[in-house]
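Look for subunit A in each of the two complexes below; its partner is subunit B in the first and subunit C in the second.
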Partner chain A sequence: MKTSKKIMALALTGALAASSVSVVSVSAEPKKATIGVCFYQDTGKAPNATKAFLESLADTLNVEFKYGTFTQTDEAANLTKVQELIASGVDGIIGTMDLGTQSILSECEAAGIYYAGYLCDFDTSYTTAYDDVFGNSNFLGTVVDGHAPDDVNIGDQFFDSLIEYNERNADAPLTHVSMAVFPVWAFPAQTTAAEQFVADVEEYNKTAETPITVDPLDEEVDVLNFAPLDSTYFSKHPDTQAIMSFAAGTSFVYPTMVSAGVDSDIKLFTTGADGGEETNFGSAGTQTYQQIAFTGAESIVYPLVLMLNKINDTEFADMPEKAERISTELYIVNSDEDMELYVNSLYNTADAANAAYTPEDVLNMTAFGNPDATYAGLVEAVQTLTY
Partner chain B sequence: MEKEKNKTASWLKGHVYDVAAYAGLVITIILFLIFSGDKLMYNATTVLQTVAPYAIISLGAVFVYSMGFMDVSVGQQVGVYAILYILISNKMGGTTAGVAVAFIVVLAIALACGAFNGAVAVWLGLPSIVTSLFLMFFFTGAQLLLMEGTGNTSISIQAKIKPMDRNQYTLMLIIAIAVVAVLVTYFFKYTKFGKYTKAIGANEIAAEQSGVNTTKWKVFAYMAFGVTVAIGAFIMLTRTGSAGKGTGTGFAMDVMICLILGGMPLSGGMKSKVSSALVGTFTYVLLSNDLTTMGVDLNMINFLKAVIFIIIVMITCRKRDGVLPR
Partner chain C sequence: MKAVKKVLLSLAFPVLMFVVMLVITMNSDKCFVNGHNIFLGKDMVKQVVINSCMTVCVALAIWLQLKNGRFDFSGGASMVLAAIGAGYAGQQTGSMWTAFAVAVALGVVLSMGTAIVYIVGRLPIIICTIGMTLLYESLTYLLFGGQGIRGFYSTPTLSRMGRMPLVLLPAVLAMLIFVVYTYFTASGRRGKILANNQSAGVNIGINENKNVFTSYIFSGLIIGMAAIVYISQNDVTPQSGLATSSIMFSYIVPVFMGTFIGLASNDVIGIAIAAIGMQIMNYGLNCLNLGAGGWQQIIMGVFVLGFYTFSSQSGKIAAFFEKRKAAHA
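== the complex of A and B ==
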């Protein structure tokens, strides 16, 4: 029930933002701008929804978007893609990968264009080259898909989902669970989240009538090196009733559960959503999925608005001196009611009519579109997408 | 008149692959000039930056491909060499001397790997692709282990290895490509080295019966290739200043595509040319650049690249008993 409120707030936020548009007049016609957007993969739920959302903003914000793909492995290939976009005349680039960022920023600096992040914590740059990247005036900041590594709460959210499930199924609660994560070098926040989840369960067990057992992380099978879950997972965790997959479970865990024939017996709580989960979600089908989570594509307004402000030679009065990384709340879908809302969401349908923000809302967030707009307001708009 | 016509037709028949390769390059250059607009100079320098490592490595690969062989470990070698350049030079305080030491170490490893690739394949009677597969797995593991040791996904070099001025950097790249191209052309065209590698590609048994020590020249070919891989990895590092777990991914395939686009026969032999490396590399990089500046849809870019590649392969493959190199 609690999470239903969370996801319904998405619609409310949009409505509230829209209502505020009517009282604020647009101060200036935006300059024509071209912005390159490089995703981490060509297609998929997040890129498709983001593209649809951005295209819906194009006319109102007077922006043309050009799309590209970054590799997850090759610095030189990403730099080449940035150079090609610069050559095609972009005024700024929004990227989803922290790889070769320093050389990319040098290139942006030389070309006099801006660079910002989306769905990426830029943790390597944050921890090893903070001044060079976050102190660079051409870098405008990033919005993380979920919480930044030093600001994690997804472990708490998994715990909440588990407890909510047990409350709904008091006659057959889940009392033994295991976990799955991506390697710590790639996604440090996931290991932190797993530790947070274990701590929450331990705290809960102190007073619980039916305590929950969590299998500790097994380096051999629980850490997924970007390969599907190994079938030996189930022999290593013979008593597990649910898998808490902080890694993308739809792609990496669920297929192995199906091939091992355990999808009817073991529940899956996961981050990520690739589409089609609704068939076996909650009380439907095999009831395997009990939680999915995703980041709102609307969060791209953070780098977009900051970039458009720069291009339009305007600035928020409360703009921080150095670029920041902003956490977002994940949409948690953990009940049949949530799933109904998810099915019709921008993320699932790639239909901008379902977006939380209209083009006018976004224009209203900019300094050139609304003289009263603030940086704090922009951050709030991103962080209140679910709450 | 009739004779003249026949002569032209006969020349065209004999040079259809060259004509196709050069026509591809000319078309991509024309598109480049049209769609770069007022960013022409900037775009030209970025193309050169992308071309440089591919061109240098492809030039070395000419020796291997002319024998009808290939090396699938190039990408992983590039990744490991780039990481080693960084680790060694950083360990030595990010000094120029550190970079020089790193280069010598990497060069030695590259030569050893080249020798291994060539020699083991001959001694064990294996197709060279099998030994390069072994090296690919070896270097994949080494790359992961080296990066695990750093605790990061990507590391940066401390030493200054690239001129700050863009024009100077461009000049540096042009000189690097030119020097390697001249050396490779000399050895490939004017020495026994090139003649024998082509002879091995044309007919290994005939070459052997003509007194050519095929084992020796195979080893030399792979070692020459190793040298260019070491140089190419360094040139690539000057661009990004960083390397990581995935650096070099896909390089082997890219080099193969560059050579094929440039008209290099997959089966090797007497029609192998050094120019294939340069023509193909420029065509490959310009093609990608053109499609982006033209605003071609992302999914369409990959599709078009695939179509162009398969057409070129079908035109240039002249091997009777198959399409893949040995």
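== the complex of A and C ==
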């Protein structure tokens, strides 16, 4: 992480905190609300941190949270889960999966409740049913896990991390790397990011003293069909010194590296953070991990605040006409200093005391809690969650 | 001479598999990197052995109960729960041997739990073991904050039993435990009678309860071996909805193959040989970029189906050749 970026992030956080403290003025007691939150898995870093954060907000926002799990493949199962939550009396549902969204919205419309997204780009709905979903008054928008597919920047961030590593290790820079992605039909942004990374390296090589070779993305070898990296990957990339895994490397790449016994020789730059990476990160342990990346669990304030505004019959003055999908800036952990911050973060500890926002901060983001609060302020609060 | 024939027949399957995969990979550009066939690389032996060890442990645990006439669904849940306990103990103490001891102890305790419920509850084995699977799976969400165990396999000092050469230890121990139970205990020898006809076995004086207890103690020991290899190679997350049965039965193919291959020697050697053969096939498919997804499933399914068909019809095939031989004579 570059020092200038860190200073900027600190300044933004400081400014936000200062403004939060100065303008807290609750205009009315929030209505009692019940909100269902359906994650993509029932346990893990992101669900655990999000639950801890939400529970810390419950009293101040007068909200009871109910939790469920959506599947990634079964539209009917997701619809059933929504029907169960509606039957249990929720006022709104926050979901992490764009599967069966139109059916889900029909149920929500019939029940008079709201639906919003979290850690999901809703790209299928965005590209094939924009008016039906984003134009639906019961759909409040979504906050993406990173940048939206039409605004990809993670390839640039991987390149930055690689260059920063090489600057720190000028005596033994990484000069040959390979990649791993999930299939394009499921995660099109990852293939775009890989292309972005390759373009950045090609541009860099034009003037570099020590050029970097990137093995071209091989559809049969480098695309993980939601199964762990193949054990023959290393034979097929015999010269690779680092894997740029745009797919979730901790679950899908690292285990194969360990079982193949290459975890001490090959570095791993990846998205995601599933836990346990710190032992072998940066200069620690086998030094395998050189980058992990994650979206702050606090970004759930985007759908939550929009939903609470609706439930409390209030609205931001600058509220857009149609629902939006909002990109987030990832927390890029690519140095020992970043790892220290990560280890003590809400995401890693699931301790709300480590959250970027207090319950009062979040109340202050709502239109009913703070008459001066704005939609632009809410978006900024989400997009400044980065190191 | 007879012994040599037995050895040759037992080794025929992996050798044939190796030759077939070698021929296929030699004719595929995908398998050549820098002019070398990666199927013949040094990684092949290592990966085949490492993966075979895990397969052998689980397959023997399945087969030990199957051999006694019980199709046990709870073995996977016992293995995962034992792995979580072992992982936690290992991470707390920093000792691989503590993790190993806990894995074995928990494997036995959890298997005994299943045995007690089966005997006391007088339930059909499928109902009993599915119920125990659901119970044990639910415990994976309660133990240690429901987080499972992460990072055990990536700590080199703890996970040596998932890597060469120590991965051989649990596999060899599992084979020894199986041999001791099957060939050196009265319970093991009587198991075949119970498997063939439980009522007849009980009527001629076999104490089934004793057989259940003894067999579950031994299968628990083997599950402990599987658990230590599993935690040494994977993050273990909480499981639900009989997912652990799926983990367990993903290793079932070598069981059925092994019993056929084992006709030339015995079932434990047959299972080990079948596991090695299947892993050679898997490695070859990986080299061909067919190691995952639809084609891998199709190839594997067709092969297994063909093998089972051949093995079930082997008597008729032999008779056919005998007949032809007699006709020519």
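We adopt the following convention: the second predicted complex is superposed on the first by the 368 of 387 C-alpha atoms of A that agree within 3 Å, B and C clash if a C-alpha of one lies under 4 Å from a C-alpha of the other, contacts with A are read in each partner's own complex, and residues count from 1 in each chain.
Please note the rule applied: a contact is a pair of C-beta atoms (placed from the backbone, for glycine too) under 8 Å apart; a residue touches a chain by one contact, two chains touch by 3 or more.
Keep in mind the model is a prediction, meaning the values are calculated, not measured.
Q: If we overlay the two complexes on their shared chain A, which of subunit B and subunit C does A:A111 touch? Say first, second, both or neither.
A: A:A111: touches subunit B, not subunit C.
Q: Taking the superposition on A as described, I'd like to know which of subunit B and subunit C A:K66 touches: first, second, both or neither.
A: Touch partner of A:K66: subunit B, not subunit C.
Q: Taking the superposition as given, does A:T80 touch the first partner, subunit B, the second, subunit C, both, or neither?
A: First partner only, subunit B.
Q: Quick check for you: in the superposed arrangement, does A:S103 touch first (subunit B), second (subunit C), both or neither?
A: A:S103 sits against subunit B, while subunit C stays out of touch.
Q: If we overlay the two complexes on their shared chain A, which of subunit B and subunit C does A:T286 touch? Say first, second, both or neither.
A: second
Q: Just to be sure I read the superposition right, which of the two partners does A:T43 touch: subunit B = first, subunit C = second, or both, or neither?
A: In the superposed model, A:T43 contacts both subunit B and subunit C.
Q: Can you list the residues of subunit A that touch subunit B in one structure and subunit C in the other?
A: On subunit A, the overlap between the subunit B and subunit C contacts is residues 42-43.
Q: Going by the contact rule at the top, pick out the subunit B residues touching subunit A in the complex.
A: These residues of subunit B touch subunit A: 35-37, 39, 42-43, 46, 49-50, 53, 147-148, 151-154, 156, 166, 236, 239-250, 288-289, 292-293, 295, 297-299, 302.
Q: Touching residues of subunit A toward subunit B in the complex: what are they?
A: 42-43, 66-69, 71-77, 79-81, 83-89, 98-100, 102-103, 110-111, 124, 128-129, 185-186
Q: Which of the residues in subunit C come into contact with subunit A in the complex?
A: 30, 33-34, 38, 41, 43, 46-47, 50, 141, 146-148, 150-151, 153-156, 159, 162-163, 233-235, 237-238, 240, 283, 286-287, 289, 291-293
Q: Quick check: in the complex, which residue numbers of subunit A touch subunit C?
A: Those in contact with subunit C are residues 42-44, 48, 220-221, 225, 227, 230-232, 234-236, 238, 251, 254-255, 258-261, 263, 274-276, 279-280, 285-286, 288.
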